[in-house]
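Take a look at these structures.
Look for chain A in each of the two complexes below; its partner is chain B in the first and chain C in the second.
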Partner chain A sequence: MLSASWACEPTKRKAQGVSAMEKQKLLSVGFRVWKKAFSPYWYFIPLFVVVGALMVYPLADGIRLSFWSKNLMYPGKDKFVGFANYYKLLFEDKLFWPALRNSIIFTAASVLFEYLLGLGSALLLNSKHVVRCKNLLRGIVLLPWVVPIAVNSLNWRWMLLPDYGFVNQLLRISGLGSIARGWLSDLRWVFPTVVLVNVWRSFPFYTVTILAGLTLIPRELYEAAHIDGANRWQVFRYITFPGIKGVSTVIVVLHIVWTFVNFDVIYLLTGGGPLHRTEVLPTYLYQQAFNYFKVSYASSIGTFIFLFLIITVGFYFSKFSSFYVER
Partner chain B sequence: MVRDCYIKIIVWCLISLLLVFVLFPFYWMFITSVKDDAEIFAYTPTLFPRSFTLKHYVTAWVYGKVGVYFKNSLIVAGCTVILSFLVVVPAAFSASLYRTSGTRAISTFVLALQMFPGILLLIPLYIVMKKYQLIDTYLALVVSYSTFTVPFCLLLTKTYFDNLPRELYEAARIDGCSDFLILWKVAVPLILPGIMVVGLFSFVLAWCDFMFAKTFTNTEVTRTITVGLSTLQGSWTVEWGPLMAAASIATIPVLVIFSLANKYIIEGLTAGAVKG
Partner chain C sequence: MRKESILLSLLWVFLLSLVFSIVHAQEITLQVWDVFDPATSKDAVEREKLLRKFEEENPGIKIQHNILTYSDLHEKLVVAGVAGSGPDVVHMLGEWVPEFVLMGIVEDVTERVNAWNEKQFFPDSTWKVATYKDRIYGIPSIASPRVLLYREDYLKKAGFDRPPDTWDELKTVAQKVTGVVEGVYGFGFCSSSNAIRGPQEFLPLLWQTGAEWVVEKDGKWVPGFTVTQAEEVFALYNDLMNTLKACPPGSIGWEWQELDNAFTMGRIAMCYNGSWMQLHEEEAGESFKYWKGTRMPANKNRTTYFEVKVEGIGKFSKYKDEAWKFLAWILGKDQMALHTRHDNLPARTDVISLPEFQEDEWKKPFFAVIPDGKSFPPIPMSESNKAMMRELQAVLYQQKTPAEAAESLLATLQEILETINE
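So, the complex of A and B:
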């Protein structure tokens, strides 16, 4: 209401048969009106500058680069090559499809287990038996998520070391020495291990968000269900789960995006190795751009990631369009 | 009643399991950093350190140059917070004061940017930084960090402005305040506690970044602590004591911030997702 009364002054007046002085006055009124209508946007200028120069322009430039041939080692030899980078990427590159497959499996497995673990731990912390120290526990559980990934991956590399790592030592002591192996160098086990570390790092975010969603469910619903004689599963199925569905959608979509583009976890744990076994698109992009300096080829990978994300997220939103209605 | 008691025991058992799962890597990091070398590489691991030494911390801080990296990280993260506020506070205020379709569209757009992956910006930003010779400067890091702190801060700061009663703005307007005075004299002092929390959290975000720092720094002069950890790992392949000491040092600021403002940060963090 208020904004309308500030922004809109009478703008339309008779412009016919006015003297020069009145014309001048009208002009200045026009300027003031224009200034007022624009005034909210003055405050956006720093934001426009930052978002434009640091996000919109680089994105456009990255897409442009993917149609060019540019190598940082040979400056000044840029030339337009059309879709050549994409052709090479999709039909000739032997590492691209495995990397894409790894990315998809990594994302799907991580998000699935993170959600299950997050949901379980949120239900646990929401139990009436822990009301008193809920805030403390919530803070402790969030720890893996807030500590730098560089620290976490260093910890896990230390614990997963073949000889002196705690995991293998524990296995040996408990008589399971045959399972002990180099968890980050064994070709078969490295992928599940990386997923495990990623789940360990990311599930706390699900826990705190789902917990926040759980506390918003009105108590009366549970009381009513209790009176009606609903069992635990029914309570979960018809009251708890619908109550956290909105939150779940948001965090799952966010994490699909965040996991798919996650560079740090895999780069710091395995660097994409051994033998490209854990190579995902972000590490592959980094390798092409900053080890081989093929920046335009790497940009075509980036553009591919971007399109892939837009399609995935767009599909998700169009399918669950109730998400928008709820908002 | 007896059944309730059983459930209580089960719940607490599960919670203890959860806590062990979550906390053990940190516990192990810390006790490794205070054990002496013989104990670190003992064949049977000791859960409670028999020896206590701070020598690894000295090694990491002085020989590993963790001190320099720590200082760099502090400077970069601090400047990122300041830059983000300069950008975000006016915009969030205006979006909250003038709720027109234009401002609403802008804030939705910026919120969508929160999902925007940094790896897509990496190459173009690198080319720009190289062109203007910004590689290995604090500025490069501060500027690139603002790409992920700004959308996040805007969301939270706008929520705080939105929660202020509008009568307050109206009263100030009637008393003849301009927009800027309303922002500076009325709104900002009231949401200052909220802003502090946002600042602390974006400090943590900037502290944790690895990708941009790895790409935009080549020398020790501007290297941040996260990159420092990974390069030390390359040069100290077997010296796990100092490495764990360095990792503990990198964790300290995050721990301090979270023990100070844990409750508020979590509330701010979840507000976005719960509201959608």
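So, the complex of A and C:
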């Protein structure tokens, strides 16, 4: 370790006049100190390069592009337009606000039901009443999540066909033919159906994560609660739920982000239709970029999504942090 | 001794890799991006064999065959093109040509085509699709017009000896056939928001009213139809779906998969469709013998959609000469006769006139309607296709009257054309 007095020594010596050899020695020592102090940071360089190239640069370039007018079909006609894209998006575009509303409802409904379903199934699988085939059941619950999104969505699309889709056939066989309908073409039902498919696909992730959180809660707490005569609700309210609160926050935040930017499920099921009833911001962005080639306008939608998520997630975390402080 | 043997081994490795790299340096690989999947089409199986044959005949050229769906192909071409890369040989839908030319993704092959002594075997109508502003950007490969595909047995059961010949007859037959067999509807069509097949069905109906989608006036594109003409088309759809209830409930928003499957499974008696439906012969089983094609029911005329697919050279290809050599070969007479024999239709007249094509009962009605065929206009169509389907859905869901939808479509098209004209 270098002491503070040693660090001051070169200045004193310089004042006294030092030889060239001593100077070199001092420089070499200084280099070693510098090297030692900064050496950990060298190891970050590959990380910075990768993150910079794959995340920071595209993000920054996307934001830059949102201030330009650029259509891929008309190369060479790019021009700087300032906030014009944002103005158009917020004040002139008739489809933006419905798409934003759909995104918020889709995210809120999906995350809420995924969490409830995930929590319920995790509690069930963790229950002492389910003794047999526990691992098998856990594997089965995970199935919807391990099936690729594209396969999953296309399967649902076929199962939901009005005439010969599996869902309607099943309803007819069960004597519930009167509620059979075109689930993806009925204007009232298409949105709930898309949410349902998304919930079905994503809830196993909650199950597995919450299940992992449940196993970390000490058994003694439950034994103590039992001795104290706590009922099931009290056990859940004061032991189980606080025990999985940390895990829950993380998965809820992750899923708010993932669901808000989710593109595949809706695009493959409905393409944002019919009549934009399931249009969300990612499908709208895709349409602008890849159907109309208006990449700068698409970038302004992307930047909006980015800012919206930062604010939403920041708000969520600030609320959660205050909860911990209170506790 | 041991050191010497290690050194000797290293020297051998070095020499071998040098020889390998020299040999490899002389071999080039052509990246071919298309949609021909041997797992789903007999024609694609033939095409795959031809790719290998080309490699055998041209030892210095390897073919890297990348199979994609049309939507993926479109997306990947745009992304790669913007990044300054892409395939050497690319398969395109005819309506993509103007977009890709404007983006600078496909190579101008006008001089190569004009110097090619086989140009004469392709009809002008097919070259028109491969052309943008008098320059040619590829060779036509598949030229497939649409017909009215119908189930002869269903129509007979409903008392019709022949298919409908006019719009009015179409409505009458569709209504009468509906329910003639339990669960069967008279007509089916596409109206998906994805706007892939839907516009290919909508535009011919508009053309049949005597209208155009767009026309060029004083060097600018303007809408080629009136509100009344568009209203007539929307009214036809509305009658079939809502008034006569001749289409399956819940079929609003169908894309080509749903439509093709519904016809294959015998759920609909009539639809506008293409030669690829032959792919479903096995699934259809016995009922396939009742599948018949005929020309489009007429309004003022019986124009049908003439889908021409084009194979071009990627703008950023390093091997343009080799890519052209490949294109000229694979779209030569003998090769085309092999890879369009089953579910596709050839663009070359000398292949169409071959006996095995002329005598093919399935292909006959398709060849017969070629004179009625018309392709999309040479402008970027993506945005207007979406608008077309949006208005159609609004009519089908009864959110707008046909007249309101027609007015709205005309106004939207005018806005889109303003950008294009700029």
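To be clear about the criterion, the second predicted complex is superposed on the first by the 300 of 327 C-alpha atoms of A that agree within 3 Å, B and C clash if a C-alpha of one lies under 4 Å from a C-alpha of the other, contacts with A are read in each partner's own complex, and residues count from 1 in each chain.
To be clear about the criterion, a contact is a pair of C-beta atoms (placed from the backbone, for glycine too) under 8 Å apart; a residue touches a chain by one contact, two chains touch by 3 or more.
Remember, it's a predicted structure, so these values are computed and weren't measured experimentally.
Asks: Given the superposition on chain A, are chain B and chain C in a clash or a fit?
Replies: Aligned on chain A, chain C clashes with chain B.
Asks: Please indicate which partner A:Gly243 is in contact with in the superposed arrangement: first for chain B, second for chain C, both, or neither.
Replies: Once the two structures are laid over each other on A, A:Gly243 reaches no partner at all.
Asks: Which chain, chain B or chain C, is in touch with more residues of chain A?
Replies: Touching more of chain A: B.
Asks: State whether A:Gly118 touches chain B only (first), chain C only (second), both chains, or neither.
Replies: After superposing on A, A:Gly118 lies clear of both chain B and chain C.
Asks: Of the two partner chains, chain B (first) and chain C (second), which one does A:Leu268 touch, if any: first, second, both, or neither?
Replies: First partner only.
Asks: Going by the contact rule set out at the top, does A:Phe290 touch chain B (first), chain C (second), both, or neither?
Replies: Both partners, chain B and chain C.
Asks: Per the contact definition in the header, classify A:Arg181: touching chain B only (first), chain C only (second), both, or neither.
Replies: Once the two structures are laid over each other on A, A:Arg181 reaches chain C alone.
Asks: For A:Met73, select first, second, both or neither according to whether it touches chain B, chain C, the two together, or no partner.
Replies: Only chain C is touched by A:Met73; chain B is not.
Asks: Is A:Leu59 contacted by the first partner chain B, the second partner chain C, both or neither?
Replies: first
Asks: For A:Tyr164 in the superposed arrangement: first (chain B), second (chain C), both or neither?
Replies: Both partners.
Asks: After superposing on chain A, which of these stretches of chain C ends up overlapping chain B: 75-83, 111-119 or 345-353?
Replies: The overlap with chain B comes from chain C residues 75-83.
Asks: Report, in rising order, the residues of chain A that make contact with chain B in one complex and with chain C in the other.
Replies: 72, 164, 290
Asks: Within the complex, which stretch of chain A touches chain B?
Replies: Interface residues on the chain A side: 2-3, 6-7, 39-44, 46-47, 49-51, 54-55, 57-59, 61-62, 65, 72, 121, 124-125, 127, 129-130, 135, 137-144, 146-152, 154-159, 164, 166, 169-170, 173, 200, 204-205, 208-209, 211-213, 216, 246-247, 250-251, 253-254, 257-258, 260-261, 263-264, 267-268, 282, 285-286, 289-290, 295, 298-299, 302, 305-306, 309, 313, 323, 326-327.
Asks: Give every residue of chain C touching chain A within the complex, in rising order.
Replies: 74-75, 78, 82, 99, 102-104, 183, 192-194, 248-253, 258, 262, 265, 267, 380, 382-383, 386, 390, 393-394, 397, 399, 419
Asks: Quick check on the complex: what are the chain B residues that touch chain A?
Replies: 7-8, 11-12, 14-15, 18-19, 21-23, 25-26, 28-29, 32, 40-41, 43-45, 86-88, 90-91, 93-95, 97-100, 102-103, 106, 110, 113, 115-128, 130, 143-144, 146-147, 150, 154, 166, 169-170, 173, 179, 183, 204, 207-208, 210-211, 215, 225-227, 229-230, 233, 240, 243-244, 247, 250-251, 254, 258-259, 262-263, 266-267, 269-271, 273-274, 276
Asks: Name, in rising order, each residue of chain A that touches chain C in their complex.
Replies: Within the complex, chain A touches chain C at residues 71-75, 161-164, 181-182, 184-187, 270-276, 287, 290-293.
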